[in-house]
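Here's the structure we're looking at; comments come further down.
To keep things simple, chains are lettered A, B, C, D and E as they appear, and every chain counts its residues starting from 1.
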Amino acid sequence: MLKASLALLKRDIGLSWSRGGGPILAVGFYLTLMAMIPLSLGPETQVLARVAPGLTWLSLALASLLSLERLFERDYEDGLFDILRGGKLPLEAIALIKCLAQWIGTGLILALLTPMVMIILGAPVEAAGLSLVAAVLGSLSFALIGGVGASLSLGSRKGGVLIALLVLPFYVPPVIFGAGLMQAYLTGAPITQALGLLGAYSLFALALCPIATGAALRSALN
Amino acid sequence: MLKASLALLKRDIGLSWSRGGGPILAVGFYLTLMAMIPLSLGPETQVLARVAPGLTWLSLALASLLSLERLFERDYEDGLFDILRGGKLPLEAIALIKCLAQWIGTGLILALLTPMVMIILGAPVEAAGLSLVAAVLGSLSFALIGGVGASLSLGSRKGGVLIALLVLPFYVPPVIFGAGLMQAYLTGAPITQALGLLGAYSLFALALCPIATGAALRSALN
Amino acid sequence: MISWLANPERFSRIFTPIRPYVGVAAALMFMWGLYLCFASPEDYQQGDTVRIMYMHVPAAWMAMAVYLIMGIASFFGLIWRHSLADVAAKAAAPIGAAFTALSLLTGSLWGRPMWGTWWEWDGRMTSVLVLFLFYIGYMALHAAIEDETRAAKSTAILAMIGLVNLPVIKFSVDWWNTLHQGASVVRADGPSIAPDMLWPLLVMALAFKLLFVWLWLLRIDTELMARRYRALRARLSFAEEGN
Amino acid sequence: MTLSLNVQDIALKKGHKLLVSNVNLTATSGDAISLTGANGVGKTTFLRCLAGFTPPHRGSIQLVENDSQLDGVSIIENYSHYLGHAEALNPARRVDQELQFHCDYLGGTDLSLREAIARLRLGALLDLETRMLSAGQRKRVSLARLLMVPRPIWLLDEVLSPLDIAHRALMVDIMQAHLSGGGIMVCAVHDPLPFDTRALHLTRPSLEEIGNA
Amino acid sequence: MTLSLNVQDIALKKGHKLLVSNVNLTATSGDAISLTGANGVGKTTFLRCLAGFTPPHRGSIQLVENDSQLDGVSIIENYSHYLGHAEALNPARRVDQELQFHCDYLGGTDLSLREAIARLRLGALLDLETRMLSAGQRKRVSLARLLMVPRPIWLLDEVLSPLDIAHRALMVDIMQAHLSGGGIMVCAVHDPLPFDTRALHLTRPSLEEIGNA
């Protein structure tokens, strides 16, 4: 079981890191998005600083969306699931491993960059640590929830937009908590509540999403 | 030639509209995104109204990203291009038609919704006409430029994020012009320049992008 | 001449011996340049911080020049299909990206004392950031496409499209009234900068250029060797296959 | 150890369409079944059902090992290899990476991996990315699973057709070795296999049966 | 009208690999060539090169119609059908939609579409989405192109292997009709075709040739 899990994790992380994927791609994408924000909103520092946390979180959510489409669909069409089901891992474990690999390959890297981006957009340097923790938690929940969406839309060949539609509503709470957390930090309000909510949400996602994804995969595969 | 072009256009539009794709999906996505913005930024009307045009344009650009991945890649893998090249249309024309179909299937619908969304976010009702024209022009250029990105990354199986990275820098000018246009309108400044630039950019895209896309397709197919 | 040089073997034969001299020349120029930088007078307005200029300006120039070189090499690669052109463009990209990052970094370090902010969304800064993104996009695309010849073509198309950004960077200071100052060295009516600041600047610029050439030749050679290795390996494995 | 696969009176459905009904099959260690029938009659569907990927519409599938009956789930996990049309090779990964993954995931050992590579003569393909492979080469790579991880039941869907003559002969040897080692094989084919097999010919159900479904 | 396809001394390369060299072929109206060779020798690559999708590494391909030579590009556009492993069927579209699209795009008429459907007995499949089709059914749908839009040169890559016995016989009839109507056919196969064909056997180049490439 452990060997199989590790093999799958290794394969999926390898796929997202290989051939210039992973870090460069994530960094480039995030930077591009971040550069577009002031350009579209106008460069007034005050407004920017005001909306920076929210927009950073929105970008994090959107970046997590972009690679969801290939989370299961390609493997599904290539017939990989026929092999995966021939092993000992239940579909729930397969779902969890694939989501984690997806997260490590993209979301986590983005989360690590978040403090820097917030600072560029005008957040104070002291907020870095907090925003890092929040972004790591948030991106994990994005990846897990994204897995549910990706598995639900499997085989519909509608991909991207459909998944986005399914998934975005569930991205709202982390975005609110995350952005609110930064807001609270900046105004000196207490932050434990928002951080607690964010953590709880991620834990919930960790517990429930693999089950939902596994069920959706099972129904898609039959 | 004309019959072949129409057949291809019909097929591609059909694909994006069929099975609840197209309109419903696009509307749903756009609305979800729009709902997330006040939630992440906090609902203060002033700030919102200030950033509304910019954010609408950002969303338009991001929504155009989401379906780019399947613009050519699936057809490429399914072997459709073997058939397409067996017809009389040059690859440049094929590229143009596919981009137009993509635009009609997603971008145009989003553009038609833009005035409404801007008004919801706090723009004055009188700006509706102008924002519609601008959004139609902008979304057209997004689709055409998107085609270049999608064709360049063909076969890389990196998809979404890579395309976004390639394409987003070129989305910057329309976003600036478009958001600037609304800004100018709201402050009573002259708007012809921004509108002219936006139009010129779209025309340029219309003239050059199919050529670049065709060349990229040709190199991918050999 | 270009097509004569475009033969990879000939290229290596000619430039491999020259390379160490370029490296040494670059090192010497850097030493001289750095000496001049610190020997040059302080600016009456900017004080010591003006010395950032001797890094910032050459780096910014190189950021643009390298992209231009990539664009030209890509053009030749597309038209005449010289594989060396692609190797040259590919080898230049990370160096250019590093120069761009350096100019962004020094610019923002300089911006802090000068304008009171690390970062400002003015035309020039933004367009240089976009240039950086082009470099990243170029590298990401090159890495993402497995097939060598296809990667060459696709990235060449991308590099050529990206050339439009260069005039934007150059003229952004004229088109938009922004914080960043206008041209004072490269301008129609001659440099408007004090000579004892111009000198160190020019020496540093030359040092940067030599550094670039050295790194570039090194990377081209490495890439050529990697390709030769791959070709050889493919042939060998194919020859084995029959048994 | 003897194994027996008992298919009792199953019916298969896709969408609203009844594909086959009243299919019966008993295969014990050493049996090779060649599954034939017209295009679209349901051979692939039947194999996938045996592998446990989809439950039958009606009827039952049982696996009996030394007189003790095993339940449905374990058929897939421990007892069978299903090889379908899709080869499950990710185009961006090299052959050696994919083989290593299949081996680790399904619980093979490094030794068995090396043996499979040698037996199927995959050595020269190892450092190609799978998207470069020809149709027959892809199939050979996917066949390695059968050898890397020994499992008694092989469910093979037209595996020989993309192979060239030399490799068909090789695969036939491998199949016969599997059978004489006590394995069971169900193989969907259009061309008969060049050794003794029992035939299971699928036909479309009668109108009456369709009406009753 | 007589047509002749002349392949002179071509060599094919993939990546850094020289696949075949010194391949010669002259086929005139009525000729059927069966292309054989080991897996991965380059049959598919050769067919795609004939279709004009990739230029040969060396050598030339010419098409001569009534003594006037046609240039390379038009081989694809007006003179040949290439049918490869991939069937170019979008899984989300119905068979009738796909057929209609192929017909309109390649310049067939509604009449020829109906005839092709009847000839290949696709009537019952028309309102299925293509992802539901079985392997043989998919192949049959893609074969309709040959009949809908008459073109003299058919380049077929292992088209018979997924078909059942009845449909193989049908396709053989269709091929023979095409040949006696003055067509040319090059068909990559592992099993010999059941009628008279000329063989073109591809073999790997000698070590010396590989060295020179």
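The working rule: a residue touches a chain if its C-beta (ideal position, glycine included) is under 8 Å from a C-beta of that chain, and two chains touch if they have at least 3 such contacts.
A quick note: this is a predicted structure, and the numbers were derived from the prediction, not measured.
Steps from subunit B to subunit E, minimised over paths through touching chains, total 1.
A centroid comparison over C-alpha atoms places C as the chain most distant from subunit E. Relative orientation of subunit D with respect to subunit E corresponds to a rotation of 180°, obtained by superposing CA atoms and rounded to a multiple of 5.
Taking A-C and B-C together, the chain pair joined by more C-beta contacts is B-C. Taking the mean Cα position of each chain as its centre, D sits at the greatest distance from subunit B.
Remark: subunit D and subunit E have CA centroids separated by 30 Å (rounded to whole angstrom).
Work out the mean CA point of subunit C and of subunit E, and you get 49 Å between them.
Per-chain CA centroids place subunit A at a distance of 46 Å from subunit E. Touching two or more other chains at once are residues 19-21, 25, 28, 32, 35, 39, 74, 156-157 of subunit A. Listed for subunit E are residues 15, 85, 90, 92, each touching two or more other chains. Touching two or more other chains at once are residues 130, 133, 136-137, 140-141, 144-147, 238, 241 of subunit C. Note for the complex: subunit B touches subunit E at residues 3-4, 6-8, 10-11, 14-15, 18-19, 74-75, 77-80, 82-88, 221-222. Residue ranges of subunit C in contact with subunit E, taken from their complex: 147-148, 230-231, 234-235, 238-239, 241-242. On the subunit C side of its complex with subunit B, the touching residues are 130, 133-134, 136-137, 140-141, 144-147, 149-150, 153-155, 157-158, 161-162, 165. Those residues of subunit D whose C-beta lies close enough to touch subunit A in the complex are 51-55, 76-78, 80-82, 84-90, 92-93, 97, 100-102, 104-107, 145. Residues 117-122, 126, 129-130, 132-133, 136-137, 139-146 of subunit C touch subunit A in their complex.
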